[in-house]
Every structure is written in structure tokens, then in C-alpha cells.
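You will see chain A twice below: alongside chain B first, and alongside chain C after that.
So, the complex of A and B:
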């Protein structure tokens, strides 16, 4: 997978997370996975289809999701209820919308699915025939992994 | 003993969400995200505006507008929504009330749709993530 697909997502995530959670944000080391990967407790999933196709996953632990949703709502959420899920969905929405603008400027055209939220323990994701690039982003509330598996349509 | 009444109230100002005579401006919030609806409502009510209705899609937004009219001063309208999107809902609201004040709310990356909405008569737009100062500034520009 080409690294140019993931950069817009990482840049957009930095911009948006800084704006909604504050400046305390660091980028971890990018890594590549071609086999199944464990997914943490909460994952927001966005599908891409067009001249590139694949999916983006924003993956975090339940504790991190709760802390992020609490910060964005200005109140403490103790469970990931409908409001909490709507908050994480909106976060994924804002990041992907900004990333897509950057990708469109680079000449890639595709449509997005609305984000879906997966929650649960011991989940894993497998992408057949397409490697996933993962960039961990560390915020005050914990670690959010931006996991992108995209390829050009042949 | 002096009471509070004896001092001039130099620190008190009328909240921006209230018109002359202290009547709150009335807003209808249309957005499919529970989070965004709550966020917009909190920002506006904290400044004295009154949220008189909310809707989760463009069709419900249109119906609520007709129901509330003329007791509604402005609408905040999301763009991407199920059933009827914000652009179609804007169009139908303006068909019904040509003086309707509709402010579009959008994520970055929808510039073409925002332009289209402004051409069709939307008064202003707000880009998410929502910032309190930005929201209030855009809303006040649109209603005054």
C-alpha cells in the first residue's frame, strides 16, 4: 500500500484531535501489517469506494473512547451510550471529511460510507490482499490507531 | 445597608442570544448526530438563545419549521443527513418562507455544497469542529 494514502488521514487526525482535545498530541511509529490484526475495544469504520478502495479504522480502547467522548462533551461519560457513540462517530466523520479533501486534491476520487462503530472484546480485522498501514496517535486520553487499508482499483 | 440595587451594573451585559427587550432568539437545530445537536444547543443556550425545536433529518427539519413558523428566528442545518439532505431541506424551507434564516453546518470538504447552499439563500455556514466563538459570531452575523 502506498504511504501517500495514509498521510492525509494522519494530518487530518492531528488537526482535528488538536482542535477538540488540545495540543498534547504525539505521533507514534508507522507500521505495516499484512495479516490479521487485533482491534481494541472501540473502532470507528469508514469504507472508501472509487478509483481507490478500502477502509479506514479509528481504533481505541474503551477507556480511551470514554475519555475522548467525555472531553468532547464537557461531561464525564461512564459508559459508551448513544451520545458517546455519536461523539466518536462525529470524530471519525470530521477526520475523514478533512482527509478526503486532501486526497481529492491529489487526484483520488472516491465516495465514503457513513462511519459505523464496532465495540467488543477480542476483535480482529483481516484485509485480504491489501496491507494495512497503521499510525498510532497518542493523546492525553490514550492511544488512537489510524489504520488504513486502501488500494487502487484495477 | 447598600443592596446590590445601589450599584451600577457595569459587568452585566445582555446575552447576545436575546433581542431588544430581552426576548431570546428562537432556533431550530437540524442535525442527524445527537452529539452535534447537543453541542450546538449548549453553545446557543449558554448565550441566551432558545432552542425551540430539533430535528434528525432534513424532512423532519422542514416539517418542524412549518410547525413552528413564525415563532422561529433561524435554523442551523447539517448538510449530510438521511431521508432528506440539508440542501434540499434548505430549498424547501426557503420555498415556504423566503425570509428564512438558515445557517449551514458542515465538515470540511463540502465546499461545493456549502457554495450551492449560499447561492440558494443560506445566510451563512459553520465548519466543524464547532468552536463556541465561531458559532456565535456566524449566528449573530446572520440574524442581525
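So, the complex of A and C:
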């Protein structure tokens, strides 16, 4: 992945998560992954288009998703209902949109697709021929893995 | 009617055939092999061999055969055939060989039977034999519609150390040093520790340099085996300090630039694509970009530069320059942004820095030049092999590959261009 893309995504994830979930937030070590990987339980997905092709995936466990959605709504959710799903989707949208704005300032034009959310057990995601940058973020509600796979159009 | 006659005729021919050679037939990875029965003492089934530490990879262990301790060798491993996982308690089929004055057990997939043939029907092996080095094949014989490859056990298991070295196919990690000479044990340790401390993998790619350096190392450190070994990352880096190519990790000097320049041929196609894996902080990539943009003014140039070390590569796209340390030939490509020196946009646009692990899929199109100095040696053996194949695939015919000056590609798939401080190859068309 192009080096210039990395920081905007990391920064956006940090800024937004800090804003909505509070200061207690840590970053794990960034790394690259190319094989298929397990998805923890809830995955919000935003596609990217424009100069590039790719997608951003926000991956967390069901418990984390519930805790995050509860925190953002100011009420305790016991299951991931429509409100919960909409909240997680919105979180994904906010982070990706801010990253894209930052990238735009650097001269890279990206478009977003509307976010989608996947939930279920034992899910796995496979990207053919694109390696993903993994940004693990630890908040007090649990771990959120941001999985960015972008490549230049050739 | 005809079939009956044929059979009768065959029987007659077989009847007169003089059976003077008997061999034990067995199968290995789906092929039929055989060994001269005079070399075989017995066949046996056994399991749970006693593992011997630090032995050659194909030595499975030792085994107590009615009081005689014999070594057990796994033929699959020895011939670089994929090994099969055996069931836990299943015993292996072993042929016990009697060589000059010692016994040796070899594990095979399954032992078939004893086959009698006429020694005159043995044909010499054909050079294109695949899995097993032709040196170890005594001949080939057909019997009952089966083709048996007769192994020459004397030359395979002969005491001659030279042979042991060549058995693995042309390109193997150097686990081969385990002969009884003390200095070779050290060499084995050296390659182990280089791997542990510096991720440097000793293979045919760099073996020549490592051996040469080890000689140097001995003069440097004295012959005390304790001092010779590498005890820490620092020792290992010291050992490797001479390995790195000229101008590694910094801007190329004018001299080196001119050497590289002399290898480049006039490019008429109008586009020039370059791959620079393991670009690190980007100094060498920019040197290359400057060189190419001056030499091929008209061409549209693109360099893909990757590194898997995020810390190194993250500053590469906007590399801040120290004007004092810049080679003079670069001056005209430098601009000042916010009182800091940087490369101008034209040079920057040539290079695309990517945080990327080259052992993952590489998706860009075919390239004209690959510059991978001192990169392959720091990959594991299987990755080295894969990358060399990938280089083959990615390069256009007659494309140029530059690797570290102390590295060399094994095999004959490449046309070597050697000049003073550069090791380069062209892809054979």
C-alpha cells in the first residue's frame, strides 16, 4: 500500500474513536497481511473507488460492537438491533470519510461506497491479490481492527 | 490366436534370457526404483528411531538392529521429494544395505519384490531424469511393463564427502555442514546464527561469499572455536559488515551511478518500469530515479519501491535532504520547500513508495529493470526461491536484474553480466 495512505487512515481512526469513545485508546503495531483472515463477529465495510480500488473493513467482536454502540447512543443495548447496526455503520463511515478528506488534501481523489455491515460467526474474508494493512486499536470496550486494502489502479 | 503366439514367443525369449542380476524393487513417491540385491542385507520394518541431534536433515536417527547400531536415512528427504506424514504408530519399511564395511538403513515408501533381470538389458540413465541426480542412477531397466530405476548405492552413500554435498538439488539451505571436521561444524553454527540474529539465510545465493568471509573471520578472530562463533546480533552484523553492496542505504556515488548507467541500454519503447524491492529509506531509489530521468529524458518512468519495514519507508516519499551530504550530480533535482531541501516533483512522481511485503502477491505489471540489492539473502530459503521465480516472471525478455554484489543466482536461467562492484543479470529471451 502506498506509504502516503497509511497515516490518514491511522489518524482518522484515532481522532474519531477518541471523540466518540473517550481518551482511553491505544494503538497496536501496524502490520501487513495477505492471506484470508478470520473476522471476529461484526464487520463494517466501506468500499473505495477513484484513483484507487479497495476497501476498509472495521472488524470487532459482538461484545465490543454492543459496548461501542451503547456508549455512542448513551443507553445500554443488549442485542445488535437496527439501531446498533446503524451506529457501527456510522462509525465506519465517519472514520473512512475523515481519512478520505485528509487524503484529498494531499491530492489523492477517493470515492466512498455506502457502508455495509456483516454479522455472524466464523466469518472469513479473502482478498485476492491485495494485501491489507492492519491497524489494531484497543479501546476500553475491546479491540477494533481496521483492515485497509487499497491498491493503485493500473 | 495372434495373442497366444505372441505370449509363447515372449516366453521363449524370456526363457533364453539369462537372469544374472537380481534387484530389490521398491517405490518412492509413486515411482519404481531398485537396488542391486548384492548390496541388500535384509529388509525390515521399524519405527521410533533414536533421533541424533545436529545430524544431516535426511538422517532420521539410529536404530538397534539386533545389537548393531545402524543409521537410518530417509530417501524422500535425501532426494528432496515431498515428505509424507506417516501415521503415528505405523512402522516404516526399511532396506538394510551392506556397504563396504558398514550397515545402513534407508526408508522407502513400500518394498515391492525381488526382480530378476539380465544385466545386458540395463540401459544407461537418460540425462532428463527429474527428481534424482543422474550421478546416483546406475541404469534403467524394463521388466513386466514396469520401468525400474536402479540406484547406485555406492555413490549415494559412499563415504566420499563430496558426494554428500551434491545430493540435494542445486539449491539448498546449507544444512550440509555436519561432517566431522571441527571447522565445518563452526561453519554450520555460523549459518545458524546469521539466520537467528540477522535473518540472513546462507544458501547458494551467497554461500561463496560466506565461506570466503569465514576464512577472513578466522584470521581476524584466531582459530579458537569459541571466538569464531557469533554470540549476538552485534557479532552477526560485524560478520556481515562486508556483505553489503557499495553505497548501500545511501545515495549512490557518482562512480557507482556510472557503473549502473553503463548497464542500461537505450530504451526505445518510451516507457520504463522499474521494481525496487527492499528500498529501505529510499536513498537508493532516488539515486535510481535521478539516473533514469537523466538518461532517458523522453521516457515515461515509473519505479515501484517497496519495503516491509514501516519505520524505514514512512519518510521516503517526502525525504528531507541534507544538502551537505548530497552527491553533486543531484543538485539540479533539488528544490527548497519551507526552507527544507527535497527532490523536485518530477523525481517524486517517478517513484511510488509502498509499504508492502514482497512475499505477498505483487500486483504491478511487467517491469524492465529490477534492483534488489542485498534483499534476497535476508529472506527464508523457500521465499528466496519464490522471489527468483517471481523476478523471472515479472521481467520483460532481456530485462535487467541487479542483485547484491556478493550474491549470485544459481542455475543457468540468467545471463550474467559482471562488472567490478555490481552483480547483474539479463533475462534470457
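As a working rule, the second predicted complex is superposed on the first by the 153 of 154 C-alpha atoms of A that agree within 3 Å, B and C clash if a C-alpha of one lies under 4 Å from a C-alpha of the other, contacts with A are read in each partner's own complex, and residues count from 1 in each chain.
Throughout what follows, a residue touches a chain if its C-beta (ideal position, glycine included) is under 8 Å from a C-beta of that chain, and two chains touch if they have at least 3 such contacts.
Predicted, not measured: the structure shown is a model, and the values here were computed from it.
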{"item": "Fit or clash between chain C and chain B when superposed on chain A", "value": "fit"}
{"item": "Which of chain B and chain C A:61 touches, first, second, both or neither", "value": "neither"}
{"item": "Partner chain in contact with A:89 - chain B first, chain C second, else both or neither", "value": "first"}
{"item": "Which superposed partner A:119 touches (first chain B, second chain C, both, neither)", "value": "neither"}
{"item": "In the superposition, chain B vs chain C on chain A residues touched", "value": "B"}
{"item": "Chain B versus chain C as contact partner of A:98, first or second or both or neither", "value": "first"}
{"item": "Which superposed partner A:73 touches (first chain B, second chain C, both, neither)", "value": "first"}
{"item": "Contacts of A:151 with chain B and chain C, given as first, second, both or neither", "value": "second"}
{"item": "Shortest CA-CA distance in Å separating chain B from chain C in the superposed model", "value": "24"}
{"item": "Chain B and chain C contact sites that coincide on chain A, given as residue numbers", "value": "none"}
{"item": "Partner chain A, residues of chain C touching it in the complex", "value": "308, 310, 313-314, 316-317, 352-357, 360-361, 363-365"}
{"item": "Residue ranges of chain B touching chain A (in the complex, touch as defined)", "value": "33-36, 38-39, 42, 80, 107-111, 128-129, 131"}
{"item": "Complex contact set, residues of chain A against chain B", "value": "16, 19-20, 72-74, 82-83, 86-87, 89-90, 93-94, 97-98, 100-101, 104, 114"}
{"item": "List of chain A residues in touch with chain C within their complex", "value": "1-4, 6-7, 30, 32, 34, 129-131, 133, 151-152, 154"}
